[in-house]
């Protein structure tokens, strides 16, 4: 079944396995006449790229995106944008040991059950390498929505988290490898991740995302609610286990009289428990949401597991992996959010 | 933009406003040859129906579903099932006072901004009355997946919640108006909701859902992951602010070595932090997820707000509303989950 | 599989069988703020209705459309429009004789093969009664495109056809039961159809359609070409066997130097072999196309056929049928063309 | 708007312009476990390739397809197949003369109107070079349906056509450059095309296609009729003006009593005016249809036209073009037919 497309109006379709020739995609529905800043797109890719700091996987990929179509003399033509990222550092021999083995909490067992076989090298299509293509598409979407600002950051690593009292400085985010907007917390989190890595273990965390300068009227009632599409987009990211927006899981213990966002006369609201979305439609206030990431499944430890023949085997993690996926997930969260908003933005034009 | 359809293969399309002639829909893609138990469908509708207990809205709707097509001599024909539920107790005069007023945390403001007008009576299309149509479709989906068991229940009301030590008895769920699987907690929650109602206030809560006897291989990699579609489905339900599955938001502080679900030789796992889904595909273990509901926005209290002319006005809630949406949301959560699984089930057939 | 929706942005989903409770649909994506003229919609339905003249089926249906939603105080709300047409004169007992028999050139055999059973009464879902719902939706689409003029007419009945010399007067179309724009040809055709009916036989014909005042820029390159969507729409109508547009099948024997439409300096063309569409996109010239209808399969004659048990049986047509489907197909052709153009019109807005 | 995807279940998405870096696509939905014969795919591409004989365009493209994903150890994985064809012989300087000029009957004017600009080199995305990607996808679809036989051939070139008396030998098709199944007619057609080319002119023609060994039950009622999807697919091919199937445009002058296909007791029919499809669903008989191609718009002659500034200009065709598109269209017709049938085949599995 064709399940590799995302979006209705601005549609991203992707292909590729972690250790195949390349990964890439087609971004269809970009309006004509946008002068694309290709350097900005590459910068987003570099934010996601492996090997960028000491707390992420040491796989080395240059991750240069090559555009094939849809851009003429630097400007979008309204026609599909094909793009490709070569896989260069695909040390497939690292993966021979998992050919017949099902790694716990990976997609090995389910892919094999569903498809009768799998490209086991580096996780094949289930690898988070796929998200590089999303980042390319999201970077184009950001330029399509050039006044909207997407800021994701690390809110928690394990139980280390930003508290209410911690100051938040968005300018700090890209200046520390954890991508936390508070330098002190960033240092603690970095040290914690290093400790976890030394143990051959992994840890989860929470990404928070704030979208500001949001146009009104994005999202549709009933089955295309903006927050439902954001939720699907976030749940689509590898290792994500949860999503909430606005007051979220914390809102359940508030009374309605506390939770309701009272209006100012200009239509803005005094509080924003709604998270910028009411009835599924953006109201112009900031959109904010949280995304929960589980600890990475690949450990640099011995683990008991089974193989294709239903035999118990012992495996030891090899390959190059992230001890905590959160820092590199930041640009992915922003990219997926940008794709959702750009889609809603184009759809909304039809009624005005 | 056409945004009133849900599902790809098993597609529900709906229409209707809270105080119009009727609500209803078309369920397209039901396979032929299923002998439908219409009584079971009505029972699901009755579980969602207003006026069923003292802790829910006192609107009285008989909520009888009328089928128009797609069933011949009691058996599905493979052709679309049209259905309709009349709106009978639509006391629209209750709503004249909100014609020009934007109720806080409702869709009034955003609908007006987007569409230039709205059917304000009872919330129009943004009313949760819409979910009755989803329950009809979900009840058909349940019969399509007749071995799969969907059990949703109230896990929290405000900060009252089931604790780890509380016994869980699914047979108790339908025997108390809160739909909590523990009688003691149910009583506390019921008392709490009554107190909140007396204050003219409202409260949120958490629904938990367990799906057992799940077929393997449901869901597709990348953009049709089963949990991403479940997440979208749940975020689609009125008043929902958050979703997580498996270890969810709690999983972020676990180490990978604790979180990984080790295999038994039969492919089942010793723990189920994965929540029954790995790589976006069901592995045959129970699926479990949580859904966070905010407190209902309509209060039986005075509130400051604004009107269409951007003037400050004072409003007092009228009409008939739920002090806590969670008990009536239980069958809606199950219905949407059933639609997602049935869609994935039909899609999966294409590759086998 | 869900296959009962038409259109992407303006999406019609339908349900219903010829002899069920009712037929109807949901038209989703109509922009807000259109004051609908409901009388005009009913007039279109009346043009398609059975029993309107002596050369069409004598089934008597009042065919009154009932709207359920999406219209508030006479104006569209941007939300889905549900509608229903009751089946009143469904003499199902007329059809008992075909319960186990496969009528030649009907869908009886293929539905039974595919679905394992069928609602045989009046053809069930395969009946052209379905097209009444399309006419309702198309009438709304016409009002959405209120400057565009859709004119379909009977061009041929069997080998009787309008010749190059025949004058064409669109005002004549609705004044004769054949819906031919030339009175003399109309009389000949009417007499011919009566003769055919007397023989218990049927005959085919060609409908021509001219769309004028077409906005530029409708249709998209590659897989959403305007003429390809028009072609699919026409091939979707019951009994249609062929479609061409512009120079069509006659254009194959022209040389490029004759066929090319030379430009005037205002961008219009001196000839219109392109049929108003170039590269899949409307150029503002009239769109013209032809639709070929086969003779109706139901005969008022004895025919040899087979039954479910693969036995040869003799059947004699009963029920009430059209000797020539073309006159009643005129409003259906216009309706489907209006749906295609309205969809393209809404889609096109996203890029401007 | 995203309009570069074809198919629902087996979905082809394409990108690329005639003179860009490359063209290519992603074929999503191919079932796992098919051992692909890559050579057969290349053979189909070679059938479509420019420069293959003296009666087609002399552009030289090696047209080697490179697969990027979805095939592991020679076998499909069920995951998307990315592929690319380099543009090597793109003599863009040949096209500088049309930068500001609108060629008659091309997409130049409409693309410029719609998108505000265009990649004019070689027609950009509107070039029939795009169809090379369709041939790749269609060749995979053929292997997915490995018992079904698709045979397209040249039926007419201008007014030269196969007559009822002409013998038809499918083995002859690939042995003459016209791809006509009768050697005598092939020679006449070839001579005629050469004469037309010498005049700097072009000519149209008709392709006929026979599909045999068709599985029963392909296609769905109402809006996914098999012949409607075939019609859309054919109308999608560059230069196509018409489509009919079974009795087609000739069937309109037959009486129902002549046209009805009487059953044999095994469910086959004695005649096949239905063209293998009844009620939109294949009945197992051969599917046959016709496709009408207009004369190519690019002439090697002087033509009057206009430029962007609405000035009259004179242009003379340059570049390398086909005097008659029909011979090279043969594999494209087969490819698109294969994509439609494969999609219907996968969809049909869901109900059995």
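Going by the order they are written in, the chains are A, B, C and D; count residues from 1 in each one.
We adopt the following convention: contacts are C-beta pairs under 8 Å (C-beta built on N, C-alpha and C of every residue); 3 or more make two chains touch, one makes a residue touch a chain.
This is a predicted model, so every value here is computed, not measured.
> As a test of understanding: of all chains, whose mean C-alpha position lies farthest from that of chain D?
So the farthest one, by centre of C-alpha atoms, is B.
> In terms of C-beta pairs in contact, which of B-C and A-C ranks higher?
Per the contact counts, B-C leads.
> Measuring from the mean C-alpha position of chain A to the mean C-alpha position of chain C, what distance in angstrom results?
The separation of the two C-alpha centroids amounts to 47 Å.
> Express in whole angstrom the distance between the two chain centres, defined as the mean CA positions of chain B and chain C.
It comes to 39 Å between the two C-alpha centres.
> Could you list which residues of chain B touch at least two other chains?
Where chain B meets two or more other chains at a single residue, that happens at 1, 3-5, 9, 14, 29, 32, 78-79, 114-115, 125, 221, 346-347, 350-351.
> Flag every residue of chain C that touches chain A in the complex, lowest number first.
Per the touch definition, chain C meets chain A at residues 9, 29, 31-32, 78-79, 221, 346-347, 349-352.
> In the complex formed with chain B, which residues of chain C make contact?
1-5, 7-11, 13-17, 20-26, 28-29, 32-33, 66-70, 72, 75, 77-82, 84, 114-119, 124-125, 346
> Applying the document's contact rule, which stretches of chain C touch chain D when the two form their complex?
Of all residues in chain C, those touching chain D are 1, 3-6, 14, 102, 104-111, 113-115, 125-126, 130, 156, 158-159, 196, 199, 201-206, 216-217, 220-225, 227-229, 231-232, 234-236, 241-249, 251-257, 259-267, 269, 273-275, 278-283, 292-299, 301, 303-306, 310-312, 347-348, 350-351.
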